[in-house]
């Protein structure tokens, strides 16, 4: 009677379960083993990977989250503020509007860099020559297709993206500079802009590479960036509630935009049933 | 020419600013002063309040975030998974769908408890008698209006919500049991269900009270819960990518639902132009 | 073993069902009885109410949808455009961002007016005196609470909202000026702004009243406005793809906003674990 | 001082503008020329294309919108209902959650079919031989890449998708069977599933082709489907308010899902700072 196939896979989950007196997350007792014992960033790592990070992994993962949390009045922050202007009683909607801009142009870079590196599949033991070979392959493939290399270059931070530099230093300090990040650094060495300028690694590219080395699934890479940025958006919305700019921005748009209707010839151009 | 009033307030922000070589968050240099120096939870606290937490505040705020990060296959997690089924290439949309359910029935409780406590405005110096008086006022006002008290009772955790108990103990340990939380505990003492049963404080109520004491703006209370739960949702989506249940859930709904069209009398009932 | 009560209600739906060779909507065969036979607005009416509209009802419902479809560069349209700037490959996300602003400040007015009128419950046979009495009661109750009356006044259209006037005339022409709309017109007669000026009925208030008379459920009132406005948003996004303004708007915001970090005293103010 | 380039394009819009006594949409006076004069579907066409449709175009565009408005308890409808369960006071959020699933797996097919056809660029005068040549090129290219052809085949409607058949007949009747639709029909003739079965054109493929012939921008194709489906979602939410299934679905998921935590070895596996 149903139109669906009978043999759909069963539903299984490893994430959470509640009983009358306990809440379990990835096999840990939430109240006894996680709350007060591990920080939120490390709990997020656990939710995504199924294991708690080591001390160094936890620090690095937290630093990635801190790095991406805010970048000022971005299109995402503005979209969230404008949505709050219309629906201040439903803050979750304004946050959602803010994260919906995390696509190919901004935070998606993160995932694209990760996909590119995982496709190259550098092994744990890859030496410099091997990484150089892979990096050249990546750069050449993108150049021949006319594609931009994800994770390189930044509209503001043209010299060095300070977040990328800091993360790289931290990864070295903690012995967590794995094959994906080492490959990403080689890609940076070989890449140049169409006009021949060097293209420094940006925060998104570095974060994507580090998260690959930390074992974050490709499907979760963009999600890590989204949770991080959601924290920044909540900061913007708390400010919007105290010192609103939404209506001023609306005003600016109405005042600055030129209205040029496409209708050429007035009512006669209109066709009606 | 424009229809808007001329005297809209100027736009000001305290949150973030980028220059060619630096990124600033609430006056801190992101790469030098925050990354690797403070954890993500504490950075979130900074974004919302404009100051870094003390050590104890940071631990408590992290514990609140950990407490709310996941509660298994909630309607939010399921909505996110179903959205991922249709649009796996736009993970930000599935996360947004998940957080959009953070309204009055679930995570909004958080904000409602905070509003209730802030409306009572317990002072820092309030003694037990004063808090008792305020608590009785709150309970009586809700009872006379027939409203549920936010933050009390839980469909699963009927005895004690283990998360609330843990947070309470942590707040005491860190000397952070402030007037809002002490008032919330008194409300718990006085509240009973319509059938006369005691109503234990739940995680949402405890978190709302603690965040008031931590100085989180009312407008940001629900946002804190949303960021926390977003981490859980990313965990669910990473799992959905590996071991999908979206189509099985769809199948279950189609199979279990009864179809009862409201149309009584067939084609003749239809009116057309 | 499960924590849920055993006696949840069964799932039933009247809306749609597919078989191997037919698709049914509210009991109508979609391809044979609806496509090409009734317009989209009337199909929307069917989806929400479970019956097809009469000819006049169909025209009026379509006119309501047309009335609300666009209002220029609103915060909703701008939020959608900014989201598209970040994620042009996921247009559904930009549309979602646009509709998320349909809250208490703008399109929610629609629902609030409907709730207000339905709470007064004017009967089909109510005469002018009875409606006057109800209208005075509504106006007095709002005034005594210090609340704005939903559906009255408009920041631009201070004399007459031309959409409200047109809808009123259409409803009269089609014999569809029911008790909710007649009550709303009386509320307009009695209402004045705090400064004593008359407050003309706006499009939202008129639409809310008419939809009550058309039998649209209160829970669907805001949804009608959302679908209508979604059409306008798709128009804005099609234009954004051809002639983008998202980055210019971002630029304007960055340029016009003042940065005033709240951090008073520099690094020393920072507390670390 | 700003980091943005000085030469961003000016903001221009053709869509809407308000003055103190008039609202203009694409150059038409909304209240006088559109409301009551053209139906909502045709207004949507105007918003997207900048011109009103002819009578036949208006009927066909309305039929496309009707065709896609509902397909029963889809993942989108379920996500919307689950979101409503958590936040019934913010219906716009539930609608947004529903449309966010309009991605690559379901309604995005629409856009993909349109992109495929526009990339082939069939001319208005293309004869059967020319269309055959283009269709074979499309089929061969997809087969060699191992890609599915968008717009062909359906999990339920394995013989004929009745919506596609109806739309095709309507387009013929109105003389609107243009080169993109004729090409799509040829693609259907040449395409077979991996197991050699014929793959009938589905509603999404037919709608995508027809909208190309109607001159809808590629960037708006998915948006047309989203507005259509939003109407269905509002129908589901109106029903959810009357006869909820959200909690039952949650219950089913909790009851049917198996919990298998990934944590192998208990507390000792946990690493702490």
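A few remarks follow.
Order of writing sets the chain letters: A, B, C and D. Residues in each chain are counted from 1.
Heads up, the rule we're going with is that contacts are C-beta pairs under 8 Å (C-beta built on N, C-alpha and C of every residue); 3 or more make two chains touch, one makes a residue touch a chain.
Because the structure is a prediction, the values reported are computed rather than measured.
Chains that count as touching both chain A and chain D, per the definition above, are B, C.
Seen from the C-alpha centroid of chain C, the farthest chain centroid is that of A. When the interfaces B-D and A-B are ranked by how many C-beta pairs touch across them, A-B comes first. One inter-chain figure worth recording: chain A and chain B are separated by 22 Å, centre to centre, where each centre is the mean of the chain's CA atoms.
Separation between the centroids of chain B and chain C, computed from CA atoms only, is 26 Å. Per-chain Cα centroids separate chain B from chain D by 33 Å. Within chain C, contacts with two or more other chains are made by residues 3-4, 10-14, 17-20, 26, 38, 72-73, 87-90, 92-93, 96-97, 100-103, 107, 156, 245, 247-250, 253-254, 256-257. Chain-to-chain contact here is organised exhaustively, every possible pair of chains being in touch.
Partner chain A is touched in their complex by these residues of chain D: 3-4, 10-14, 17, 24, 26-28, 33, 37-38, 50-55, 58, 87, 89-90, 92-93, 96, 155-156, 253, 256-263, 266-267, 269-273. Interface of chain D with chain B (complex): residues 3, 18-20, 72-76, 78-80, 82-83, 85-90, 93-94, 96-97, 100-108, 245-250, 252-254, 256-257.
Chain D contributes residues 2-4, 8-23, 25, 30-32, 34-36, 38-41, 43-44, 47-48, 59, 62-63, 65-67, 69-73, 77, 88, 90-93, 95-97, 99-103, 107, 111, 156-160, 162-163, 165-167, 170, 217, 219-220, 222-224, 226-228, 230-245, 247-251, 254-255 to its touches with chain C in the complex.
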